[in-house]
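Heads up, the next two complexes both have chain A, just with different partners, chain B and then chain C.
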Partner chain A sequence: MSGTRTLHVLVMLGGMIAWAVQFTIIYGVTSTLCGRGWADATLFGIGIVQAVIVATTVLAFVPTALVFMGLLRAYRSLEGEDASAATAFMMQAGILINGLSLIVILWQGAPALILPACA
Partner chain B sequence: MNAPELPNSFERKETDLPNPLPRPEGEFEALKKAWEPPRGISFITAVNNTYVGLWYVGTAFLFFILAGILALIMRAQLAAPESDLVSHDLYNQLFTMHGTVMMFLFAVPAVEAASVYLLPNMQAARDLPFPRLSAYAFWAYFVGGLVFFGTIFFGLSPNGGWFMYPPLTSTKYSPAENADWWLLGIGFIEISAIAGAIEIIVGVMKTRAVGMSLDKLPVYSWAMLVFAVMIVIGFPAIILGTLLLEMERAFDWPFFIAERGGDPLLWQHLFWFFGHPEVYIIFLPATGMVSMIVPTMAQTPLVGYRLVVLALIATGFLSFGLWVHHMFATGLPKMSLGFFSAASTAVAVPSGIQVFAWIATIASGRMRLTTPSLFIIGFLFVFTLGGLTGVMVAMAPFDWQAHDSYFVVAHLHYVLIGGMVFPLFAAFYYWVPVASKRPLSERLGRWVFGLMFIGMNVTFLPMHITGLIGMPRRVYTYPVGMGWDSLNLVSTIGAFMLAAGVALFLVDLARNFRFAGENNAGNVWNASTLEWLPNGNYNTRSIPSVVGRDPLWDQPGLSQDVEDGRYYLPGTATGVREALVTSPFDARPQYILQVPGPGWQPVLAAVFTAAFFLLLTVKFIFTSVICGVLAVGCVIWWLWETDPGPTRPPADIGGGIVIPVYVTGSMNHSWWAMIVLMVVSGMIFTCLIFSYLFLWLVNPGVWPPQGVRIPGWIWPALSAILYCASAALVAVASRQLQGEDRRKPRSVPIMIGVALLLVGGSSAIDLWSQWQSALSPSAHAYGAAVYAIMSLQIFFVLTTLIMGAYTIARWLAGKLDSIRRTTFDNTMLFWYYTVGQGLVGLLVVHGFPRFTGGV
Partner chain C sequence: MDSVARRAAGLLWALPVAGCGGVQSALDPAGGDATGIYRLTIVMTAGATLIFIVVTALLLYAIFAPPERRAWLGSRRTIVYGGLAFPVVTLSLLLPYGLLVMRDTDVPRPGALRIEVIGEQYWWRVRYPAEDGQAEFSTANELVVPIGRPITVSVTAADVIHSFWIPNFGGKIDMIPGRINRFNFTAERPGIYRGVCAEFCGDQHARMAFDVVALEPAAFASWRSTQAQPAPEPAIPFLARGGELFRAGGCGSCHVVRGTEANGRFGPDLTHVGSRRTIGAGQFPNNIGTLAGWVANVQHIKPGARMPSYGSFTGEDLRALAGYLESLK
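Moving on, here comes the complex of A and B:
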């Protein structure tokens, strides 16, 4: 598989990969901070657990949004060009996957706004 | 060696097919001869996907029936209160075996088996790329599964529930061998599942009809691709879990013993990181089947193909963020539960997308109410109900009420029977005409559906109430007057009705199923996909090029042209079995793969592998080790016949396309398999590092425990240097082995030999340094975790030693040179992986305690 094709796959799955990273970090950090009794620490007046979750959610959301918009633009400019059917398909799939991922990433970070950190 | 440049499009006019008529005399006969299965007793050495696939499906169905009988015994016991039909202990074995056999010996193997049969046909490939691996996976599963099931007759079956939670399953509370049967028996059957997954990934990506680019891939292939990737990511967790629990039971390494720093919750994390994706591992192939059947029955293309693919991929990802919803009652922080609640509800979205796509397809066509259609409608109804109760138990407060009650039993059976068993029966009725000379009976089929559908609902619908009014799962009896009597009796009647449906299906099979190597019943449903092309042991006479997702509808005359040999590779270029390897995205022909044929090697290797694990269970250590050595020997014997090299110049497959019969590097199919194997290995190692960190988290201030001395920096540094030096030597050997002139430099085996000494020495130094520091693996979870990391590394180093020695032997036998170097490439990839894993292991074991300063 060529490097370009590997990149296409990564872009297509980008949002889901971002969600997986977000999920791993927020669960890992919450477990560690709560397990070690460090959850009372604050960062700029916000509880450390909530701060980490919000920051991770933003860090996952922004690149996914950029990839989503980039794919939309690229797909529109593809019309009329001699792209292979597989390439066009991967772009369409990428738009759908990254679009869904945007919602999932926000949804995944939502518990930080509602629940106490370590209760 | 690279494949030639090929034209961009394979779309051709009717008159412009790749191969002209008439075909040369003897071409078809040579093809048939190459793919002929062996006769007599050697028949069991057949590796054709049609034979192995069918045996595999049959065996999985046998386990479905056996586990179903166990369920009937349990239902008979529960039909009345205070019944003494079976004892408490036997009941424990019955529910453990029912769950275990259904999940591990029926559900996953059944969908894998179906794909062994269907995938090559659906993609018009001659066979899967590693037919002997399929045969090995099947025979290991067959022998191991039957022996495992046989334990129920001797009172030796596991009895700790299908998820085997410690401390109940630890030596203290389960000193007998029952738990070991589960740990070793199931652990090794998972290896068989992974072998199948590797086969499926490479098969979907590399062996397709010409022009079947990703946008034209059947949804079933997409589903199987996601399924196989999920196995590769998810199953290593349970393999590691079983290893750790078995090491605890066998050597007293306290991974799960709280008094010595272990934690039983670690098992739950490892188990459910596999266990929840497992539900989708079973469900996704079933949805793939549904997405193939619905368009045929409605006689219209699937609505929302791209959305369905999105749903499959999204489900594959999201299903790995759900595992803790099985642990809502363990006292984890609410915020953590919230993450899993969020993911658990999010995963309902892609599942819903698929359901709406099927309904839209049904609505846009004219659905024929055949038996497969009935099972699909039953699936939609039952699975949707199971999905709804799934959303209910995804809410932590509700889950706390329903946890470990019959409500959960009802929910999981709605999901699994609705989501997997009904689609599988739809698939049986739908695809039997591909494998049989006669289709199954529509009249009997309707009765089968009716009995199963009504029986299923009569059994499990009342269980929601039984659970909500307080009946816990896994109780072998209950007292009179709890209000559970009538509900249980109704459930028992329903279970026997369901069983009657399955029994009637067996009657239908006996009356109508007649295996067809050739001359099957044909395209009785007017389906659109390639498995309905005329086929034989060689699959299709020629390999078609396709222009759409519904080739039999899009390309009239395709069947006849394929059968006449007018498409690609209508004969055999090398005189042996061949598959056409295509590029993973656009499905352009890359090379002709010489596929290994029948042989005793995979059968014997599987039998000895099973014997190794099973004898280990009953502590016949010496015999077990001998069987292990024989298994490795058989694998080497098997491999010796592979990697044939360029046995002839590039061949013309038709349409002016000339492709090689041998390639190396990333285009080679075995390179792909090795990459997948490295991902599996990497996941096992990642889960082990997770376990190490988890144990650190639950042991504040004692990592390492007081009195434990960490070896000085010099030892891991020396070990790391030796690892790197060995990898560098292999890299140099690879450079020496390059060129188009079939060079065979003497320095190559010498460098591999020295590299072997270095990699072995590196591991030995690390082990020695820990041993010298008097670290005990059984005193505390810290020592157990350190020795577990080292043990895994030693296993990989030993495997590298065998592969290195094998590569040297190939060189000495004249089977390795600068062109014929696939064996070397695979060894090199594995070597790099072992070195990388070793370096990370050193960093964690020696660096982490220093970094955290014992915090």
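Moving on, here comes the complex of A and C:
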């Protein structure tokens, strides 16, 4: 696979990769902090567990949103051009995957705003 | 024959409905938390059933409808709205709803009545710690609670893992030796409910139940006050003889009867055993007959229980002993 094609695949799957990283960090950090009894620990008045979840969610969401919007812009600019079917397909798939990933990343971060830490 | 078959089919259909109410049913909630979980269950079940029916109908349509009529199923619009937008919207509504139910369930509340329950093979030790000048006391196989007041039950186990579950009040929590877990609920309806062990704990796991009695606050205060008292003196010679048999038979080495020399801690506290609704951890109604049967033949009724059968009593002695136990109100 050429370097460009590898990059295209990575961009297409970017949202899922961000989601996987967010999932791993949230579960790992939350389990560790809760297991050590830091459920009520705060940093500048914000619960550490919630802060980690919110920060991780933002860090996963922002790059995914940028990739999503970039792909959308690139796909629109393709219209009228003589792009290959494979390129158009990968862009469509990338838009879909990254768009759904944005929603899933939000779903995964939502409990931090509703549930108490380590509940 | 046909009518018999029809009746049998009707009864078969009625069977699932029997689980929708009663003293041991998650579908008949008697507390706020249980009601929240019940509503969530109904919404999820109804929604899932509806979606299943629609998807199945569409599937059948896709298989059997003429090609020109089913073509719209493969259109981009159908896929985007039915395959993407609908699941995203549905799950985006269900997720916060489920999280809000979780947030409001099993929450410790100030002023809660504390009760400690210890699971043992195959019964429940229930302890009411001292509170507001009221003395601590223990009972067994019966959880009595006031309605309207939050309850915090601290659970653990003395031997193997058990699980504490009162379906009508929601929640289910493991009882693990060496660890204390907590379960919070509020009874909103007076009545009698049934709790069970929900984790296989040995041969008699299925016979490890308990009664939950939800009382009006005044009735609960009266019950609590009575339970904290020592056992009443036998009122008549027949019962006194039963008490003497209890002492001579060595029952006091395993059981405590407060106010007497019986101070065993191994088995259930019998100070007010006569006031309980059932014996044998929810197995029989509590009366002289079942008490006598239990004492004489416990290993036949509940093989593996820690109490040996006392089959050596004469019939008259057994009646006196059971009468004494039944008089401990």
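Keep in mind that, in the parts below, the second predicted complex is superposed on the first by the 118 of 119 C-alpha atoms of A that agree within 3 Å, B and C clash if a C-alpha of one lies under 4 Å from a C-alpha of the other, contacts with A are read in each partner's own complex, and residues count from 1 in each chain.
We adopt the following convention: a residue touches a chain if its C-beta (ideal position, glycine included) is under 8 Å from a C-beta of that chain, and two chains touch if they have at least 3 such contacts.
These figures come from a predicted structure and were not determined experimentally.
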| item | value |
| --- | --- |
| First, second, both or neither for A:M16, with chain B first and chain C second | first |
| First, second, both or neither for A:S77, with chain B first and chain C second | neither |
| Touching partner for A:T4 - first (chain B), second (chain C), both, neither | neither |
| Chain A: partner with more touched residues, chain B or chain C | B |
| Shared contact residues on chain A - chain B and chain C | 96, 100, 103, 107, 110-111, 114-116, 119 |
| Residues on chain C engaged by chain A in the complex (per definition of touch) | 84, 88, 91-92, 95-96, 99-100, 102-103 |
| Contacting residues of chain B [partner chain A, same complex] | 8, 213-216, 306-307, 309-310, 313-314, 317-318, 320-321, 333-336, 338-339, 341-343, 345-346, 349-350, 584-586, 666, 697-698, 700, 855 |
| Chain B-touching residues of chain A, taken from the complex the two chains share | 1, 5, 8, 13, 16, 19-20, 23, 26-27, 30-32, 34-36, 49, 84-90, 92-93, 96-97, 100-101, 103-104, 107-108, 110-112, 114-119 |
| In the complex, chain A residues that touch chain C | 96, 100, 103, 107, 110-111, 114-116, 119 |
